[in-house]
Amino acid sequence: MVEAHSAAAAVGATDPALLALAGKAAWAILLTPLICAVAILLVGIHRKSFAMAAAVGGLATSLICTLFLFFQASQGHLAVPFEVSVTWISLGGLSIPFGVLIDNLSLIMTLVVTGIGSGIFLYSVGYMHDDAAASRYFGMLSLFAFSILTIVLSTNWIQLFIGWELVGFCSYMLIGHWYAKPSAAAAGNKAFIVNRVADFGFIIGILWLWSVSSTASDDRTVHFATLMARLPVLVESGAVPVATLSVIGLLLFCGPVGKSAQFPLHVWLPDAMEGPTPVSALIHAATMVAAGVYMLCRTFWLFEMIPSTLNVILYVGAATAFLAAALGFAENDLKRILAFSTLSQLGYMVMAIGLGGPVAAMYHLTTHACFKALLFLGAGSVIHGTHEQNIWKLGGLTRSMRWTSLTFLIGSLALIGFPGLSGFFSKDEILVLAREHNLPIYLLATLTAGMTAFYTGRLWFVAFMGKGHAHGHESPPVMLGPLFFLAGLSVVAGYIGIPAWLGEHHEAFHWDVALTSTAAVAAGVTISWLLYSKRAIAAGSLVRALALPQSFVENRYYIDDIYTWYVQNIQQKIIAAGCAWFEQNIIIGAVNAVAALAQGLGRLLRLFQTGVVQTYVLVFVAGVLWLITRYLAVR
Amino acid sequence: MDLSLLRVELCVAVWIFVLLAADVFLAPAKKEGLSWLALAGIGIALVVSLQPLPIGPAPTGLFALDGVSHYFKPLFLATAAAVILMTQAFRPQMPQHPGPFYVLLFTSVLGALILSSIQDLILLFLGLELLTFSLYIMAAYLKTDGRSVEAGMKYLILGSVSSALLVYGIALLYGAVGDTSFAAIRAFLASGELTLAAQTGILLVLAGLGFKLAAVPFQLWLPDVYEGAPAPVVAFLAVGSKMAGAVALMRLLFLALAPIQPWWSPILASLSVLTLLYGNLGALGQRNLKRLLGYSSIGHAGYLLMGFAVGTLDSARAVAFYLLAYLVSTLAVFLIVCAATDELGGDDLDHYAGLSRRSPGLAAAFFIALLSLAGVPPLAGFVGKLLVLMSAVAADRLWLAGIGAVNVAISLYYYLMVVKRMYVDAPPSPSPVRVPAASLLALGALILLILGIGICQAPFLSRINLALIF
Amino acid sequence: MVTVTHYVVASAALFCIGLAGVMSRRNVLMILLCVELMLNAANLLFVAYSKAWGNLHGQMIVFFVITVAAAEVTVGLAIAILMMRQRNTLDADAVQSMKW
Amino acid sequence: MSINAWLLPLILFAPAVGALLLTLIPENRPDLVRRVAVLVTGISLAGALHAIFHYQTAAGGFQYEVLKPWLPQLGIQFHLGVDGIGVVLLLLHALCGFTGVLISYSIKQRVKEYYIFYLTLITGVFGVFMSLDLFCFYFFYEMAVIPMYPLIGIWGSDVKEEGRVKYSKQYATMKLTIYLTLGAVVALVGLLALYQWTGAQTFDIPTLQAMLADEPLSTAQQRWIFPLLFIGFGVIAPMWPFHSWSPMGHAAAPSAVSMLHAGVLMKLGSYAIIRIALPLLPQGAVYWLPWVASIVVMNILYGGFVALAQKDLKLIVGYSSSSHMGYVLLGIACLTPLSLTGAVMLMFGHGIMTALAFAIIGQLYDQTHTRWLPDLGGLAHQIPFIAGCGVIAAMASSGLPGFANFVSELLVFMGGWDKYPVQIVCGALGVVITSVYMLRVVRGTFFGPSKPEFEGHVHDAKTPFEKLPFIILVLALLITGSWPGPMLRLLESSTGPLVERILMNEPNTAPDSIQVHSPAKPGHASASNEHSEMN
Amino acid sequence: MAETVFFYIFTSLMLAAAIAVVRHRSPMYSVLSLLVVMFCLSGLFVMLGAYFLAAIQVLLYAGAVLVLFLYVLMLLNLSPDSLNRANVFIQPVAGITAAGLLFVALCRVATQSPLPPTPTVAQPGTIEALGRLLFRDYLLPFELTSFLILAAIIGAVTLAKGKSPS
């Protein structure tokens, strides 16, 4: 049945035996989590420990396979990119493969997913230990791992879209894990639907791209490698106008706007914090939300050809980075602050794409995955220990939860770009790019870096320092372990040469940019220290001074309100209710009217039936007269 | 004249006297047995009627025993047998003396048998009168029931007027042709002459036959008579009388009026449309089952007229099949009505509430018979309607077929209203409805026939194709 | 010269008078009488045409029509008596318990 | 020639024989009645599975044919056979019918009558899917409509709004029956005209097809007949604006009947269009389908919006069905192999999905006695298994990958993109709307805090037997959705040649290009002739 | 010439009597008017050479049918039609109009249709000829009339006998 065929794009150096093994490993990366998910849902739904073991074991297997491939590739034994796939749909001229594409980009992303994922899975074992529905949780986590790997390892647009939708579903299920909470259920819905709206554009982009991918209707393709080879030729020959391609690009960009929560579809991400914290760490910080960025990197050859679309991407990313950072100022929920920071950082990454730097974007994605997962897990540890997530009700955690605080601090520093930590390097790459290409954006990005430092500082000073009243207990080792692991990664990720792995070689360190950003960061931290730790400036007066922007920010720019207003008033009250009215009164009404007409006609006809015999005779005679006058014909 | 041609009619005629004698000489207590005697007579006649046709040249003269009559005579006799069974089931409502009733039924059947063989307008007139006279009396047979008398009165008056018109039409036609035999009329019309007098005469004759068939606008008597007359009589009116009218019309149209088919075809077509719509729309709001069946029977007349209007051999065969299907379905319906009226307390639709809880088998049979009347596969009525519609389409009368088809859906509505009463509504009492064994047997046979004709149509259609050759 | 047409017109007049009577009188007996008029009109027509065609078919039919008419009157009168007994009226339009 | 010769009659008549057997069983033995029903539908299911696994995809065409004279005077034959499309729909119906019988275990009143009507309905639908004779087809088609009347009228439930009756079940069932019959008779006139104008004196579909390939009806005739057939069958499809019988019919029906009704019965219309209208009237199809493509957008969007405004669970699913059948019709209207394959696949996927949805709603309604969304909530606490199935059904409905619906909608979109991009975009928008109302249902029904009034009263499907129907349906969705290849190959073997044949008649190919094509036509005709003779 | 005179006399008398039948409020007078119609008709029959029928007309109609009518009228002791009912106006007017229209139509038909060809043979208007026709060629209809009468008699007896419901 399964016709596996491996197409080594770079033919040559690979030993056939190794290639075969690599193919198996590649499949194993993708499929092990799926098998585990199915196993959990089928047999482990009431066996918690089985579910945990299966989920962690499954992802660990994927991790091992990834590492194997990674080392083979980095040692040069294995020629990348290589691809194994089966034909999922083959119908007439249409052929949709389903497979695994291994190259440097996918390997690094797979490592992020399986590596950080394994840590978070392990952490969940502790975090969800008492949860009654832990089996479902782990099943969904495994399914999620499969789904995100489907995206990451995808060889074509349709497979990417499949993974894209599946992660959306897992995200929905996991956000709504505690479905008894109405807010959680609502947040899940919101996340799914917002993503659906974005995917509407995305799938149309894919369809359109598919339809222009060849001049012959039975030769079209969704396959990345083929498209990559073919599109430039098509554009050059004029078969595909650049304008068309730009529109396609914009439509495709809709996908990341939703999945990576870019402005204005970012609204679902803060709400998604209703889910269990490990979920926030894995899905809504490290991997899934980064999938949009990954997709843009994966298909950057396409966006390269359409600078106008790249510009749009740039501005959307920059706007998201800046606006989300500002939202972090007024938020009091520990996880939501992190969520806004995630938004802002995703904005950075998208901006990097827009600036033409997929490597920088991927670099930042990787480092961000490490430290943001760390931060979320730390937050999770805090919540696990204190059952509180309002930062103003926390405080003094450095005393009660020392290890958590330490790792959280490392994460925070990496986030704000403290020199020497991973975030510093990756952010720097983006800023450099920005300065090269677009000065206003560069300034905005630097300002955003300062703002990041400010709200991160605020979070740290309020929740961890300060006079403590939070009585927390330190988390169990199974949770602390991943924290340390991630903290380590956050420190070293800047030094292991990720850009080089991704194919960037100039690596000149720009002192001016680094210094400017560090200054901005320092300023941010200082202001927050003055405000929240030293209390040198009364926060209240500042709020009064900035009343207008404050209310704007507190209401999240009213975007949620606008959407709610649209849904409640336009969609439900006008469109849906209007259609329902039309249905009830016009469509059903018309049918009823026809029925009533028949009944009425019957009643009318029966007026002849007076019961009086002479009337009957009269009608009889009238009928005869009618026949005679109507049909008598002279031949 | 060869008496063997008249063998079936002779059987019936002789049995009239047997019945009369028995009615006189039987002790009142034993008069129950009269119905079996009557059944025996019908049985003998039925056996005789099933004898194969004598092979020979096409019959001439007033009276012919040809394929058409050979096909229809057993049907009339079967109808009569069913009606006799109905009177058994209907006994509680009937007056004490059943003897005259059977005699009248036999004379009526005699008229119908004659009509299936006519070759002459005189015989057409007399056959119709013979058929109808008995029915006037039978309609008014429940002397203590005001509605029955009213039905008899209305039927009588309209019947007399219609027969007066018919006779006047025959007179005009005679004046134009100089003879009353179908052959002479056919020769006259074939010569290309179609005088106004002849046309008027034909129209009046058609009106008279339309009265029997209940074609609009000659149908007004029908709902009232159906509602008022005793149920077995209504059954005979609905099946025997209508079928007799249809046979007479068929013979008239195809034996006498064939040369001017283009002239009468549109007339019948417009009558057909009016009849269909009147019957089916009129039935929509009915509350009395017999009245509803009356309107529905007008609707069925519309389909018959549609077949006639098409005026091809195929359409005549379709009509013959339609009549067969209509016969089995309607008789089944009336067997149930007759059996149930007394125990249910009346023949309003509401009286049938919850019948399926009381007598599931009876309700199921009713369901099947009604659906067959509506024309739903796999039942007999469906094939009948299909054949008629096909013949209409075959003659390029797509619009006519379209109206006929839409009427199927309309009629389904009111049939289902009956079904709703039986199956959905709650029964007033849980006691089952008792049905005499003979009626039950007949009912079972009819239901089997409904299914059999609906599923294995081929033998029936072959029989008709062999019989109906003009 | 009296032609067939004269007779035809006379018979038509008689027929229509009878018909008008049927439709305008309420009494059942009167209606039956009017039907007799109509039948007689037909008889006149038959006889006239019989003469015109020179054959006896028409006359013979009249014989049958008269018989039928007589029988019709018999039945009609019986029903009228029944009606009188039941409703104590012979008015046809008084008997309209079944309609629509 | 062993089992294949009587496979289709076995599938067809097993339920009919079952219905007859049931008449002999006394009414006070409901368990026996149920077991007989399970047995006969199980036989049909096994037969359908056998049919689909042993269908020779490479050979294509109609297989397992049975040909007996029926009414030779009119050229009517009892002709059964299935091609790739038919065999898939056979499986769909067998699955829905079988699971429906299991779900019907919740029927406690008048069990015997219920199953008699139910099995009759099943027989009729089977007959439609395997008929290769227009008469047979119509015969079974009507037979499938009528049992709906008592099934809904007796065992159904009124559709309520805010506690008031919005549509009584009597209204709903009468409307359904009459509406469908009206559609059927309109189609009948079309069929008769087709029969007549062809002049072939045969109702045999393959023969007609071969004849019409040689001497097609004139364009004018085709343009006349096609709308008759399309509207007639479109009523049951249900095509906007003739859809209004469907949601309230679904809503009023007992759950197993809704399953069959929405799952299978609605597919009869689109199946009839594919089986009869398209191949026999290619020019009519080419002329009218652009209009259809635009009208069905109304199905998709309008149905979705109306569903958004509903609060009765069954009405929501009902309107969503009418919305989703829009995709099927869109796929047909696009008339490409891809879109047509997608359309049939969606018929399957949607059928199973809707059956699942109605099975779930039935379970809910039986226990909570309400379908009014605001009255429900938090049921995942009490019935986690059913809630899980509910989420799966909602996701399948929203076109989540992994379910057959995604594949089929994707194929429809890809197939139709070149012809009707605007309609396809609207169709894709419909997917968004679907997820909005489907998630609303899931959230409103299953999520949220546990409600005290359901505590202890509402029971999950616990035993494997109770779970069986749900598991069957979910598995069917997942298997065909995650590995659609085999089913698509099966379908393609039939849809491909069909579309090819129709597009030979494309009017915008210039006359001389028709000349080029015409030598191919007799070849086709003789090929199918040979084929029908071979069997 | 005499023929013409007699024709008009008989016809006008007949029509006048017919109108009297229809118009007279007392049934008794109507029946007696009908008697006049019958006599006039038989006169016309005589003019047309149908002597036997003329006799039958007088004997059967006047002698039997009308007597029966009178008998029943007396039995039932009818009062004249009461004229004070609501719908009394519309129905007769409509009826008379319809009948009038039919008359116009029939007259048009009568005058516009070609006459029968002049008979080649003189009318054999003898009782023998009629009898031969009736009892040989038309024996079947003749026998049927006997059943007709039988049915009528049995029916009339069945319906009319018995006590009236109290």
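By written order: A, B, C, D and E. Residues from 1 in each chain.
To be clear about the criterion, a contact is a pair of C-beta atoms (placed from the backbone, for glycine too) under 8 Å apart; a residue touches a chain by one contact, two chains touch by 3 or more.
Just so it is clear, the structure is predicted and the values come from calculations on it, not from any experiment.
S.K.: Could you tell me which chains make contact with chain D and chain E both?
M.R.: A chain counts here if it touches both chain D and chain E, which gives A, B.
S.K.: Find me the chain with the mean Cα position closest to the mean of all the protein Cα atoms on display.
M.R.: Checking distances from each chain centre to the full centroid gives D.
S.K.: Report the chain whose mean Cα position is at the greatest distance from that of chain E.
M.R.: It is A whose centre lies farthest from that of chain E.
S.K.: If you tally the C-beta contacts for B-E and for A-E, which one comes out higher?
M.R.: Most C-beta pairs in contact, of the two: B-E.
S.K.: Any idea how many Å lie between the Cα centroids of chain A and chain D?
M.R.: Computed from C-alpha means, the inter-chain centre distance equals 36 Å.
S.K.: In whole angstrom, how far does the Cα centroid of chain C sit from the Cα centroid of chain D?
M.R.: From the centre of chain C to the centre of chain D is 64 Å.
S.K.: If you average the CA atoms of chain B and of chain C, how far apart do the two points sit, in angstrom?
M.R.: One centre to the other, that is 26 Å.
S.K.: From the C-alpha centre of chain A to that of chain B, how far is it in Å?
M.R.: Each chain reduced to its C-alpha mean, chain A and chain B end up 76 Å apart.
S.K.: Would you pick out the residues of chain B that each touch at least 2 other chains?
M.R.: 122, 126, 129, 133, 136-137, 140, 143-144, 152-154, 157, 161, 165, 172, 175, 178, 196, 199-200, 223-224
S.K.: Identify all positions of chain D at which a residue touches two or more other chains, and write them in rising order.
M.R.: 178
S.K.: Which parts of chain E, given as residue numbers and ranges, touch two or more other chains?
M.R.: If we look for residues of chain E contacting two or more partner chains, we find 87, 91, 94-95, 98-99, 102, 105-106, 109-110, 112, 116, 138, 141, 145, 148, 151-152, 155-157, 159, 165.
S.K.: Which chains are in touch, pair by pair?
M.R.: Every pair of chains in contact is listed here: A-B, A-C, A-D, A-E, B-C, B-D, B-E, C-E.
S.K.: Can you check the complex and tell me which residues of chain B touch chain E?
M.R.: Answer in residue numbers: 1, 6, 13, 16, 62-63, 97, 100, 103-104, 107-108, 110, 114, 122-123, 126-127, 129-130, 133-134, 136-137, 140-141, 143-144, 152, 172, 175-176, 178, 195-200.
S.K.: Mind listing the chain C positions that touch chain B in their complex?
M.R.: These residues of chain C touch chain B: 4, 8, 11, 15, 18-19, 22, 28, 31-32, 35, 38-39, 41-42, 45-46, 48-49, 52-53, 55, 57-58, 60-61, 64-65, 68, 71-72, 75-76, 78-80, 82-83, 86-87, 92, 95-99.
S.K.: Looking at the complex, which residues from chain D come into contact with chain B?
M.R.: Chain D residues touching chain B: 27, 69-74, 113, 135, 138-140, 142-143, 146, 149-150, 153-154, 170, 174, 177-178, 181-182, 184-186, 188-189, 192-193, 195-196.
S.K.: Using the touch definition up top, name the residues of chain D that touch chain A in the complex.
M.R.: 175, 178-179, 241, 243-245, 302, 305-306, 308-310, 337-338, 341, 378, 380-381, 391, 395, 398, 400-402, 406-407, 410-411, 413-414, 417-418, 424-425, 428-429, 431-432, 435-436, 439-440, 443, 446-450, 483-485, 488-489, 492, 496
S.K.: Can you list the chain A residues touching chain D in their complex?
M.R.: 1, 87-92, 94, 158, 161-162, 165-166, 169, 172-173, 176, 179-182, 184-186, 188-189, 192-193, 196-197, 200, 203-204, 207-208, 210-211, 217, 571-572, 575-580, 582-583, 587-588, 590-591, 595
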